[in-house]
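By letter and in written order, the chains are A, B, C and D; residue numbering begins at 1 in each of them.
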Amino acid sequence: MINKTVKDVTTACKGVKDGMTFMLGGFGLSGIPENAIAQLVKLNVKQVTCISNNAGVDDFGLGLLLQKHQIKKMISSYVGENAEFERQMLSGELDVELIPQGTLAQRCLAAQSGVPAFYTPAGYGTEVGEGKESREFNGKMHLLEHAFNADFAFVKAWKGDTAGNLIFKGTARNFNPNMCGAATITVAEVEELVPAGELDPNQIHIPGIFVQRIFQGEKYEKRIEQRTVRKK
Amino acid sequence: MINKTVKDVTTACKGVKDGMTFMLGGFGLSGIPENAIAQLVKLNVKQVTCISNNAGVDDFGLGLLLQKHQIKKMISSYVGENAEFERQMLSGELDVELIPQGTLAQRCLAAQSGVPAFYTPAGYGTEVGEGKESREFNGKMHLLEHAFNADFAFVKAWKGDTAGNLIFKGTARNFNPNMCGAATITVAEVEELVPAGELDPNQIHIPGIFVQRIFQGEKYEKRIEQRTVRKK
Amino acid sequence: MALSKEQIAQRIAKEVKDGYYVNLGIGIPTLVANFVRDDIEVEFQSENGILGMGPFPFEGEEDADLINAGKQTITAMKGASFFDSAKSFSMIRGQHVDLTILGAMEVAQNGDIANWKIPGKMVKGMGGAMDLVASAENIIVAMMHTNRAGESKILKQCSLPLTGVNCVKKVVTNLAVLEIEDGKFRLLERAPGVSVEEIDAATEGNLIIDGDIPEMTF
Amino acid sequence: MALSKEQIAQRIAKEVKDGYYVNLGIGIPTLVANFVRDDIEVEFQSENGILGMGPFPFEGEEDADLINAGKQTITAMKGASFFDSAKSFSMIRGQHVDLTILGAMEVAQNGDIANWKIPGKMVKGMGGAMDLVASAENIIVAMMHTNRAGESKILKQCSLPLTGVNCVKKVVTNLAVLEIEDGKFRLLERAPGVSVEEIDAATEGNLIIDGDIPEMTF
């Protein structure tokens, strides 16, 4: 098997540069690439564009990059949990492109799949549709949407093997599989890295061909954003 | 959980009519819905259009429907294993639309996903592109391809539960997951039907929402088309 | 008397039928799950990647890898499945979800809805709402009839940036159940003790008031 | 002497580099797997849904649920994965596969290829070939230089219905290794004992013959 293992997050993030476009997996704080984010903060890359469903919270997730003003532009579907984000956006420091969540996912998948463009009904007749081509199919209006173009995709999986095969857990899966192979270089961090052959080939969510670098992540905080419980 | 179980193949195929369009999973003879095909032969539905990667062999798979002249039109990518098929096609009895395999898969997925159309480079500049819209993206020509429109999808899975969740095995997976939810009614037959809750929710290949009817299949022959082996 | 948020959810729960796959938005819609009859089978879809969402976990059993679209910790029912975001929106865009219940800031009588942005003031984003309203054939909006200033949110035309056009079919507010019909709001039911006149006064859009309007039952 | 099919495969195997994901077509390309060096890591993709395809199974271990795109029973290597057809073509269309090796009936000097249809005579279909040639950046064609009647299959222009346009980069035949360059075939290597003149005579397309043409090594 082709070995995709790199020894740590430093090696995994080699090649990131100011002005690049990154994809980052996760929904809220669930399934975010914690190690890669910490490394991007450390490297202090500037003027980056981030494609990520959310923008973290003030002191976790992408909020850490926002605090340091590393982000030039966010492409997201929902950014409601982050006061610093809102401040930077309303003040004009931060460029924000809000797009429908399904369109975001499909534009990642399109990039992964070599589909340059597709039609979706989401956003037709709204601000999202302004300046976009529209077209009727089956009596309904649709927008033409394009595949994303990114330099790095940073994803987080539950288990992975040295061949780059990935398995996600629960709803921490979310955008992570759709971003694999959707950028020039896909960096996967995993909670548990095993030798190739240990994962059931029938249960792999993302085959290793979509991953360029894989490493064992460290010290996952896995913060819960809204702790909701019921009494026993 | 919503219960999708029907008692047998007769109930599962209720509503099939002459002139309908069917999707059928499988690659070669691997992962084909054997029980549904046998029932379609028994019901003797005529003038049907079949969307299926291959057309079976003379005496198995879709070849059984061809023998009885039930098929008006085949939409496939490769039909090279079937002498009766070739005879009917060259004589003009059978209408055949050959399309690239990736386009076939993506047109199923588009139907499942509510994407009415997408662009792909496959077939540009060939007969496949004749009469189709083409367009340049990233310096390369692409064809506009549309989602399929089918009445029934017949798929075969390895394991399934009463909620309609499906798990496929090995390369018998192929087109089966892409056809689920891509037709008005999706009928899944499985080798092993278990109560909802017995399958790991993390390992389900197709969630039950894409399946309308599920039943325990019988007497799977699972014929091997090309038995290739090596000596120990 | 005007309904509480719980009562709005309770009334909407009556629209949930046996065998439905339902997507619940954040806020009042989330509460609907608590009021669905026990004798029908319903599966809740959350667009972040679960079908068969269950109630909140017992204390101490929260899992950071198991949340809903509101980022709340949840559980999975027996027979649930997890999937990626693209597959989740295949369910939504592909019209496999039977019923979508979501909140709104404004609804117009042509079925337009606005719920994601107040220019210059609040921009949280549309999340999955634009995909949901553009695709769903059966959309119920759960909302308060008026804003805090007492101004109607049931309008002739939306003033805020739209989430979707001509898509809303039914609206349940703290005052009434309304159905979009030929570019107007047909008044179907009144909140218990709320008069047709009170509803009319709180509604900026054109109302169709036809015969006796019954009170809601729960 | 002209190469056997096995020797064509053996020569092509030299083009397979460490770390490559490779898609092998039916026929001669399938044989390439037998000749890839042991000291490099390569994964074979088969478009029906496996990455990490292994050799044929031992007798008695054949599995109807484990075949390649040629419908032959195969095995899976350690670290292999199975996936659906759409995902398989995501790998191909998305240019994640590094090298595509396939057969052809005709190749033209502009890189056009024909391999799926002889009008009125044979129509097996294109299978995944059109997706492969339209997407792959690195395509090697394995074929016989001439047909049974001795006519060249290395042409100025294809006469059969095309599979793809301007896509072939390299051709390995029983007589020569050719590279498409500026709308011509550059002769890179000769089969051992085959003269430049013999190759020229068997080639209808324009050849670039530049300096000494070395014999192939294996």
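The working rule: a residue touches a chain if its C-beta (ideal position, glycine included) is under 8 Å from a C-beta of that chain, and two chains touch if they have at least 3 such contacts.
By chain, with names taken from UniProt: A, B, C, D = Succinyl-CoA--3-ketoacid-CoA transferase.
None of the values given here were measured: they were computed from a predicted structure.
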**Asked** Which chains lie in contact with each of subunit B and subunit D?
**Response** A
**Fill in**
Shared touch partners for subunit B + subunit C come out as A
**Request:** Averaging each chain's C-alpha atoms to get its centre, pick out the one most distant from subunit D.
**Result:** C
**Request:** Let me have the rounded angstrom distance from the C-alpha centre of subunit A over to the C-alpha centre of subunit D, please.
**Result:** 36
**Prompt:** In whole angstrom, what separates the CA-based centres of subunit A and subunit C?
**Reply:** 28
**Request:** Go ahead and note the Å separation of the Cα centroids belonging to subunit C and subunit D.
**Result:** 56
**Request:** Provide the C-alpha centroid distance between subunit A and subunit B, rounded to the nearest whole angstrom.
**Result:** 32
**Message:** By the touch rule stated above, which residues of subunit C touch at least two different other chains?
**Reply:** 50, 76, 82-83, 86, 89, 92-93, 135
**Message:** Going by the contact rule already set, what residues in subunit B reach two or more other chains?
**Reply:** 106, 109, 113-115, 120-121, 168-170, 201-202
**Complete:** Among line, ring, star, complete and other, the chain touch graph is other
**Message:** Going by the touch definition at the top, which pairs of chains touch each other?
**Reply:** A-B, A-C, A-D, B-C, B-D
**Request:** Mind listing the subunit B positions that touch subunit C in their complex?
**Result:** 1-3, 109, 111-115, 161-163, 165, 181, 196-197, 201-202, 204, 207-210
**Complete:** The answer for subunit C against subunit B in the complex is residues 19, 21, 41-43, 45, 50-52, 76-83, 86-87, 89-97, 135
**Item:** subunit C residues within the subunit A interface of the complex
**Value:** 46-50, 55-74, 76, 82-86, 88-89, 92-93, 116-117, 120, 123-131, 134-135, 161-166
**Asked** Which of the residues in subunit A end up touching subunit B in this complex?
**Response** 106, 110, 113-121, 137-138, 142, 146, 167-170, 202-203
**Request:** Provide the residue numbers of subunit A that touch subunit C in the complex, in ascending order.
**Result:** 27-31, 53, 76-81, 86, 89-90, 96, 98-106, 108-109, 120-128, 158, 168-178, 205, 222-232
